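Look for chain A in each of the two complexes below; its partner is chain B in the first and chain C in the second.
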Partner chain A sequence: MIPELGYAATVAALALAICGAGTSAMGARTGRTDLLRAGERAAVGVWVLVTACVALMLYAFLTFDFSVRYVAFNTSRGTPFYYRITALWGALEGSIILWSWMLSIYTLVVVVQYRRRQPELYPWVLAVLLGILAFFLLIMTVPAPPFERLTPIPPDGRGLNPLLEDSGMITHPVALYLGFTGFTVPFAFAMAALIVGRTGDEWITITRRWTIIAWYFLSLGLLIGGWWSYHVLGWGGYWAWDPVENAAFMPWLTATAFLHSVMIQERRRMLKLWNLSLIILTFGLTLFGTFLTRSGIIGSVHAFTQGSIGVFFLAFLGVVLIGSFALLASRLDQLRGQGELDSVVSRESVFLLNNLFLVAAAFTVFFGTVFPLLSEAVRGVKVSVGAPFFNLVNIPIFLALLFLMGVGPLIAWRRASAQNLKRNFLAPVAAGVVAAAVLRIGGVGNVIVLTAMTLVVFVAGTIALDYVRAVRARRRSGDAWGVATWGLLLRQNRRYGGFVVHLGILVIALGVAGSQAWSTETETTLDRGQSVELGGYRVRFDGLSASEESNHFKVTGTFTMSNGGAPATLYPARKFYPQEQTPIAAVDYKLGLMKDVYLVLGEFARDGSQATIKLKINWMVSWLWIGGAVLTLGAALAILPERRRAA
Partner chain B sequence: MSRHGKFIAGGLVIVAAIGYLVWAGVSRSVVYFVTPSELLAAPAAGKTYRLGGLVQPGSLKWEPKTLDLSFTLSDGRANVAVKHRGAPPDLFAEGRGAVVEGSWTPDGYFKASLILAKHSEEYKAPHDGAEPGYKELMKSLRGPSQ
Partner chain C sequence: MKSRWVRLVIPAAVVPVLLLLAYGFWTNPREIPSPLLGKPAAAFALASFTGAPFNLEHYRGRVVMLNFWASWCRPACYEEAPTLERVWQAYKDKGVVVLGVDVQDSDEAARKFLAQFGHSFPNAPDPGGRVAIDYGVYGVPETFFIDRQGRVRFKQVGALTDDIARKQLDKLLAEKP
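Now for the complex of A and B:
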């Protein structure tokens, strides 16, 4: 019953979305409000129907309805309750439901927020959103129907991919998809502004806000993804330049570029064309990322299901890019900037450089990711470029960006005088120089790490300088330090939210530099009672035990770890799933501010007398998570509506 | 030079620098993907390859004490002996596909520095009889170590 109900809801939603997009567009052209209202009702209808799809799928998972192919392939009777819910987005078809659902929610939010406030743009925004929604519903109808019926109905399902049984599975895809789908809203506003020919100011404010919202979720998704791969996969890494990771990172880079260049447009009425291109590019990259990960065209450790879905995405991507850039070209005369660049030493030019580097980073990531395809198409040889390529190319770019992060917020608009430069940068540069000397004497030999940490101190110095000055100004009007800080954060939340995001990036940069430079690992086989030493830590193998869990069988090692202080016990395990031919490691770790002890259990003797382990001392990885928390906090602050105190 | 010219010149310098980085990055870190028969057709010692094939059943040898791992990768036409130092990773087993990164040695084997095992999202139904003897494993573990 559920397969048929679900499929009916999908087809009805698709029909409604197409009709809604059509009537909204016609309403926009003719100015007939009755057509527009019909479009709105369609948007609500689509949301109701997609919600019904989600509910039906959840119901099927919770009741083990294996007549639904997707349920049978992604769950089994032993799958724990939570993971029966998260299995909804555990594989391709289900994640498209989630995608459509989020998009339908975003559409509804747009309807509620803008139907009165943006009478000119809104009808086209609605038409574009419903059109894109129709595409995803088409995916759910033709190439990847989630409600496909399975006959005969199997007595039990295949079970969820064991790697997906993790708390990260609850949050990581949801955040990532909220980010990906979120970029549809700025894109829709950009298209509407181009169609109507109002490339003026108000749309850019709306777009900026929505881009931060999507950026916030995408950042969160990337960070949780890093945490997940760090603590689940036993790789001990948080980032591997895998095509799937790159797919999510590229739109993040272009969106970051937009969030900066939009400030020049607001302030100087310049770069309209560039900003529109960045929005189109960001949206295009979200589609491209989905194409990349879902078509199976590029090998990845994530290796998602392959299918004809890739062709659909590629075709849609083509239509979107050609259509939107053609529209852009037709409005070129309106998009000429009204401002002029005055000097090379100015905030404008720092922002331009920032954009150049961010887009260059996105391009190099793109190039490295599709290089195997290019090479095979052009020369017929299968090659790949791995992490060394991405690191080599991106480290200089990110160091340059770090430097600009310090300069940009403090340098003067238009033309910076020597006076301005001295006033704002003398102290931070001095701090950086001192930090470099201290680090060098303290034994930091790696040039890249040294540069990165010096730049971090310099940027932190500029932020501190700005903060101290701003707080002093407020204190003159009688506020205490705490009150003054709150006032800055809440009343100038765009500027200071941005600074908080920058602080988060700095902490992350330190984490990346430290973990890349100083982490060590060893792999060894221990007899029971034997120890291994690494980086001042001593780890002793005390034995193995076995247990039977609800859907797998688990062998757990007991290890005692000591480094002078009180010993701690670590329990890394290997899980044996009946549907899997090989076991999966469950790592154990002790997280610390400076060092994580990270232990992976490998092969072992069946009598428990011997075990092979991988022991890692990972430096400063915690800084990534702390920095990530700071960054998302700052982004949340920047999303709040601005409440400047009336002067 | 005009202001406009300065911006364009500066931008071009940066773009050229990044272009150079990309070129250098590719030429330094490009890794050729080969099958066992392609590798054996023209084995060039010292060059980095990614070698993909099936782990031949019966070929896997693992010495826990020395961490020496050896196995044969096959594409049905040719077999390449692979040696690696380190424990077999998750999802690596006889009869399954694997990709190893490393180089061919003059001594006639492929020295792998990295083993990439593949994850897949949807899982195959358990094969009857192919399941490892979990019960037996559990029994033997419960006995001595409690």
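Now for the complex of A and C:
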């Protein structure tokens, strides 16, 4: 029953989305409001139908309806309750449902928010959103139907990929997709602006909050992905320049560039063409990311299912990119900037540099990711580039970006005087130099790490200086301490939201630098009662125990860890799933502010007399997650309605 | 006139990228065939980490397991590292030699890697990746099994397991010298 109902809902939603896109576009052309209202009703209908698809799929998962192929392949009777819900997005077909659902929600929000407010842009925005939605519904209908029937109905399902049985996988895809789909809204507004010919700042002002939200969720998705990789995959790292990670990182880079460059357009009427190109690129890269991970054209450690879906995505990517760039080219005359760069030493040029570096980083990541294809096409040789390439090219770029992050917000617009530079940067530079000296004497030998940490201190210095000055100014004008400190954040929430996000990035940068520089590891085989020492930590092997879990067999090691203080017990395990050929390691760890102790159980003797372990002391990895929390605060602050009175 | 030209060029710039991606459908990233199978293994002469000469010619007449690795290659190189040493210990007296070639690495990190896993078979850095290119290495780790006549007989892409190594070595050892 469920397969038929689900498929019917999908097809109906697809038909509605196509009709709605058509009537909205016709309504926009002719100015007929009845057509536009029909488009709106279609958007509501699509949302209802896609919500029904989500509900049906959840119901199928919770009732173990193995007549649905997707349920049978991604769950089994032993799958715990929560993972039966998250199995919804455990594989390709379900992910597309989630994607469509989020996009239909965003579309609905756009309808509610803008139907009365933006009479000119809104009809086209609706048409573009419904058109994109139609594409995803087409994917759900033809190449990747989630509601495909399975006959004969198996007595039990295959089970969820064990690596996905983790809390990180509950939130990671949701955050990532909220980010990916979120960029559809600014993209739709940009397209509407081009079609109507209102290529001014309007679309940027309207979508500022949308862009920040999408950017924030994408950042969160990347961080949670790192957290999942760190505590599930058992290699002790959070980033490996894998094609799948790169796929999500590229739109993040261009979106970050976009967030900054729109400020130049708002202030100086420059970069119109550039901003439109950036949002097209960002949206294109979200599609490209999905194409890359789902088409199987590039090998990756993430073993995803493949099928004809790649052809569909590539065709759509082609339509989107060629169509939107053609539209952009047709408006070229309008897009000449009105402002001009007055001086190289100005905020505009710092922002331009920042954009250049971010886009260069995105390009190098793109280049490295598709390099195997390029090399095979051109030279007939398959060669992949590994982490050294990405690090070599990107580390200098990121260091430069860190530096600009300190300069950008404080340097004067138009032309910075020597006075301005001295007033804003003398103290932070001094702080950076002192920090560098202290770190060097303290034994930080690695040049990259030393540079990164010095820059972090410099940037933090600029932010602190700016904030302290602003608070003093408020105090002088008679504000109480509370109003001057917290009130300032709220009154100029956009500026200080940005600063708090910058602080979050600084904390993350410290985490990356520290963990790359100081983490150590050892791998060894221990007899029961024997210990190993690493970095001041002593880990003793106390024995093994076995247990039968609901959907797997588990061998757990008991280890006592001590470093002078009270000893703690760690329980790393190996899980044997019937559907998997190799066991899955379950890492155990003790997180700390400066150091994580990270223990992985490897091979073991069946009688429990011996076990091979990997022990890692990872420095400052926690700073990544703390940085993520700071980022969250900053993004929340930045999207609050502006309270600043018109000055 | 000029503006019409620009109008065509901007969107057309996307086409080569799309074509490249479309080309990907005709390739299979998981299948990395080696044209070297059955052919004589390329000779090389490097200097090992201990400074000893490191060349294939020296081991002619023995079965060679040639492993390409790097300290940054996580997790696969770390997974297979214990296997390499185990296989070396088990087979070194049977006429097998295990050789490790370290690709695109820093000297310090590579030495740390070798010390961590206690690798006692010969290992050498490959400056400029010359040997890796000669062997058509797609990405690390890859392991080549070379018979007594010096021909490449099998190539393992990705982490090596004890089972695969033993199966290949036993097969090559069983052949008549």
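We adopt the following convention: the second predicted complex is superposed on the first by the 641 of 647 C-alpha atoms of A that agree within 3 Å, B and C clash if a C-alpha of one lies under 4 Å from a C-alpha of the other, contacts with A are read in each partner's own complex, and residues count from 1 in each chain.
FYI, a contact is a pair of C-beta atoms (placed from the backbone, for glycine too) under 8 Å apart; a residue touches a chain by one contact, two chains touch by 3 or more.
Please read these numbers as outputs of a predicted model, since none were measured by experiment.
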Of the partners chain B and chain C, which touch A:289 in the superposed model: first, second, both, neither?
neither
Contacts of A:343 with chain B and chain C, given as first, second, both or neither:
first
Given the touch rule stated above, what does A:237 touch, chain B (first), chain C (second), both, or neither?
second
Check whether chain B or chain C contacts more residues of chain A in the superposed model.
B
Given the touch rule stated above, what does A:523 touch, chain B (first), chain C (second), both, or neither?
both
Regarding the shared-chain residue A:612, is it in contact with chain B (first), chain C (second), both, or neither?
both
Is A:386 in contact with chain B, with chain C, with both, or with neither (first, second, both, neither)?
both
Once the shared chain is lined up, is A:333 touching chain B (first), chain C (second), both, or neither of them?
second
Using the touch definition from the top, say if A:182 reaches chain B (first), chain C (second), both or neither.
neither
Name the contact category of A:548: first (chain B only), second (chain C only), both, or neither.
first
Show me the chain A residues, by the header's touch rule, that chain B contacts in one structure and chain C contacts in the other.
234, 372, 381-384, 386, 388, 523, 602, 612, 614
Taking the complex as given, what residues does chain B use to touch chain A?
3-4, 6-7, 10-11, 14-15, 18, 21-22, 24-26, 28-34, 50, 62, 64-65, 67, 86-88, 90-93, 96, 101, 116-126, 130-132, 134, 137-138, 140-146
Of all residues in chain C, which touch chain A in the complex?
3, 6-15, 18, 20-25, 27, 29-30, 32, 70, 72-75, 78, 81-82, 104-105, 116-117, 136-140
Which positions of chain A touch chain C when the two form their complex?
233-235, 237, 240, 291, 295-299, 310-311, 314, 317-318, 321-323, 325-326, 328-330, 332-333, 370, 372-374, 376-377, 381-384, 386-388, 521-523, 602, 612, 614
Touch list for chain A against partner chain B, complex
73-74, 90-92, 158-159, 161, 163, 234, 301-305, 341-344, 349, 352-353, 356-357, 360, 363-364, 367-368, 371-372, 381-386, 388-390, 392-393, 396-397, 523-525, 528, 543-546, 548, 553, 555, 576, 578-585, 602-603, 605-610, 612, 614
